[in-house]
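Shared between the two complexes below is chain A, which pairs with chain B and chain C, respectively.
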Partner chain A sequence: MKVDIRELGQFNHLASQGAERAARSLSQLTGVAMDVEVTDVSLVTENVLAETFTGKSFVGVELGLEGGLEGETVLAFERERALMLQDLLLKATGSSDELAQSSVTELGNIMIGGFIDGWANHLGEAINMTPPKYTEAVGPRILPDQAIEAAKNHGVFLFESKLKAMDVDLDFSIYMLPEYRQFVELLSGNEGNQIPVNRLSAFEDLAKEGAGNAAGQIGMMTGLDTDVDVSRLRFVPLKGVPRQVGDDRYVGVVFELKGLPSGYLVVLFDEESAKTVASSMMPGDTSEEEIGTMTEGAIKELGNIMTSGFIDGWANVLGTSIEHTPPNFVHDMGSAIMSPVVGKLGTQQEYAFVIDSTIEIDGRQGRCDIYALPNERELARALSALPARG
Partner chain B sequence: MKRFDTDDQPVDRRKIGIAEYAVVTDETVLITSGLGSCLGIVLYDPRNTVSGLIHVMLPTVDQARDSTPAKFVDTGIPLLVDEMEAAGADRDAMEARIVGGSEMIQFTSGGDSIGSRNIALAEQLLDEYGIEIVGSDIGGGHGRSIRFDPAAGALTIRTADEETRTI
Partner chain C sequence: MAKRVLIADDSEFMRNLLREILEADFEIVGEAENGVEAVDLYKEHDPDIVMMDIVMPIRSGIEATDEITDENPDAKIIMCTSVGQEEKMKEAIKAGASGYITKPFQKPNVLEAINDVIPA
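Now for the complex of A and B:
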């Protein structure tokens, strides 16, 4: 089964538009101005689902889809956020607690309706929604059983649109998990760049290994405990990448990758983590008050080694050669750091496969994010050229 | 591309993402963040109180395979001017402010940086439209976030080290 990248882009676009409509409905119902942060789609395994959802307590509204697109959609709030939404709805409608719960369900119904609206047109076939179900769960159980089962077997496509209120502390996600077989068929085009779907997951495994290597390198250089928290291969509109990284200030390094695939690799530390890591790399009690030349030198050196470790397995598995440039040191808003990277890739593609790995350092004291953005067509070519395996 | 209608929701702040734009005829504050090599272009007609902001990413559309007009300087500026006029602005009364176009990263490939090409093309096109650039904060090697307040006719620029200036 092959996935046509253009079709995947098309579905991502439909989901983005759907999320905008859902956000507008919510704004109209509650008077709270909403902003859609980003919509991404990834093919996730059971492990990734566990990493993504574990330890959080959710309230959700679940609806099944039937017809032209089969699967499940879930509007999921972390518990505190759901309570906040209930308060907002109470204020807006002046109703009781019980009604607020049912209005969360009704709200989910309206929002998911908005989200799916437009998909039927694209597919040329009606999509029916089953009645909304109010759910509460801890961890991945907030997702429907079928989806978790599918993730165990062959992976499941997970669409996620993040919505955030502009003036109050309210954020949540709309998840869509289409039924695997039907969706893979919908994604199979006859032209354009195609990637065999099983190799996409093979590449995700490779990326996970790379993140493990990079985490190991940090451990070796600093003597601190490190652990890969989350690693995911996402398919996102390029313009959404800076927003996903956010406006916080980061210290890091940017590399160009040369070879097949070419692309970019960005390693970002929050300022505190950068200082911790840098001082751990120095002998004695050396540390800097502000981010200066010492931190810069340490982060560049570490970034270099991490990057080699990260992409090490790629060339072996893909049977190609990949090199990286010397590190470009950056210390700025995350979104601004990403802007020239997406600009460079943006001359050739509209969407990107982003490998996004988070490494925890020293327990939860520090963290490091690695973003790898391979050239989409070259990645497709390299993956397609692989000899078929079992 | 995302188009916002001015009457579609009762907010007084609007966040504009990359390759997006907004035009307003009231005092809604227009915000965009994370301008690195990207360029934020604000057009303002104080006579008719029409304000517009676009966050463009690349100079010209022929470089890319998609055609989201708000993503490029060469299609984004005409789009913003048209939308401003449709909202009641007068081209002769428009003034421009441009921010961003920095060189965050020294890439080994490809001549001039995206940032400097974005700036050069924006200056050229605004000149062709006869729209004066009344303020700018461009180039350098750092990122910027901006907010335009139509009530004051002022554009505030913030950098990562929390420094702000207004043009």
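Now for the complex of A and C:
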């Protein structure tokens, strides 16, 4: 089965609009101003679903789709956030606790409606929704069985929109999982632009392996325990990337990749992690109060080695050669670091595959985020040449 | 005399919200949780207007609208739903709906929609 990357972009665009409608609905019902930070789509495996959902309690609103798009879909709220929403909704209507489930169910119904409408109008065909059902579960069990089954067999497309409240602490994600087979058919587009869908999963595995190598290299150079926490291949609108990285301050390095595919790779540490990692790389008890030349040197060196570990695997599997420029040291807000990268890529493409990997350092004491943004067309070309997975 | 309204929505939350919006100016003659109840309550009360959700269990709002307008082509039914698809709107109009509002709505939207269908 093959997908046209431009169709994936189109559906992502519609999902972004849907998320914005959903945010407006939520604002109207609760009185809380909401904004959509980013909507991305990724083809996720069972392992990624587990990484995304495990350890959290969810409240879900599940409904079936028939017609232009079929399958089960769920809108999942983290339980704590759902309870806050219930409080806001019940305050708005002055109703009793008995209505709590009904209020969240209706909210989910309205929000999913916002997503589905755009897709239906794009398809020129009605998508019928079955009545919404309230569910509660821990971990991936919040998802429809068929989505978990599809993730096991070949992966499933997961749309995630991150919503941010303007004045209160009510940030949360909403997740949508259309039925795999039919959705892939909708993405088939033009033959000339198609990539076999299983190559995306293969590339995600490759990216995860690269993150594992990079984590190993941090461990080797610092003596600290490291582990890959999350690694996802996301398809995102480029303009959403800086917001996704956020306004916290980071220390890191930016590399330009040259070869097939070209692009950018950014390695970011939060400030404390950068100091910890840098001091661990130095002999004796050396540390800096502020980010200074010692930290800069250490992070550049580490970034260099991590980047090679990250991209060598790509080059070997894709049968290409990828080189990278010397590290460009950065110390700024995440969004400010990513904006120039996005600006350069944005002259050639509107959407990007972003490989987003988080490495835990020394338990959960520190973290490192790696963002790889390959040129979309070049990556598609390279993926088309990949051998099919068994 | 206040106009008589029937509310049909499977969500208790949404029925309450609509009741709060309408009860000052209208007489609420009944509340239905599905399309079958909506048809039964319509026959029982013959309301001036029905506020009808589309996605409901047992029988959808469009099917219920079709059944009501088959018996009474002059029935005034406003679809109030989270579904804003053009194709669905066409289906609702074909079934005999007089108006359409999209959730979430606020009091002025609801009153305006009703006024468009049954001017005061």
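What we mean here is this: the second predicted complex is superposed on the first by the 384 of 390 C-alpha atoms of A that agree within 3 Å, B and C clash if a C-alpha of one lies under 4 Å from a C-alpha of the other, contacts with A are read in each partner's own complex, and residues count from 1 in each chain.
As a convention for this text, a residue touches a chain if its C-beta (ideal position, glycine included) is under 8 Å from a C-beta of that chain, and two chains touch if they have at least 3 such contacts.
Note that this is a predicted model, so its numbers are computed, not measured.
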**OP:** Please work out whether A:Gln28 is in contact with chain B alone, chain C alone, both, or neither, and reply first, second, both or neither.
**Re:** both
Subject >> chain B versus chain C as contact partner of A:Asn316, first or second or both or neither >> reply: neither
Original post:
Which holds for A:Ile116: it touches chain B only (first), chain C only (second), both, or neither?
Top reply: second
**OP:** Check whether A:Ile337 is in contact with chain B, with chain C, with both or with neither, and answer first, second, both or neither.
**Re:** first
**OP:** Classify the contacts of A:Asn328 with the two partner chains as first (chain B alone), second (chain C alone), both, or neither.
**Re:** first
Original post:
Does the superposition put A:Asp247 against chain B (first), chain C (second), both, or neither?
Top reply: first
Original post:
When the two structures are overlaid on chain A, which partner does A:Gln348 contact: first (chain B), second (chain C), both, or neither?
Top reply: first
Original post:
Between chain B and chain C, which residues of chain A are contacted by each of them?
Top reply: 28
Subject >> Interface residues, chain A side, partner chain C - complex >> reply: 25, 28-29, 63, 89, 93-95, 98-99, 102-103, 105-106, 109-110, 112-114, 116-117, 120-121, 124-132
Original post:
Quick one: in the complex, what on chain A touches chain B?
Top reply: 20, 24, 27-28, 31, 33, 35, 166-167, 239-240, 242-243, 247, 249, 254, 256, 325, 328, 330-344, 346-350
Subject >> For the chain C and chain A complex, residues of the former touching the latter >> reply: 10-14, 16-17, 20, 55-57, 81-88, 91, 103-104, 106
Original post:
Which residues, counting only chain B, touch chain A once they are in their complex?
Top reply: 2, 8-11, 13, 15, 17-19, 33-38, 57-58, 63-66, 68, 71, 102-110, 113-115, 142-145, 160-161
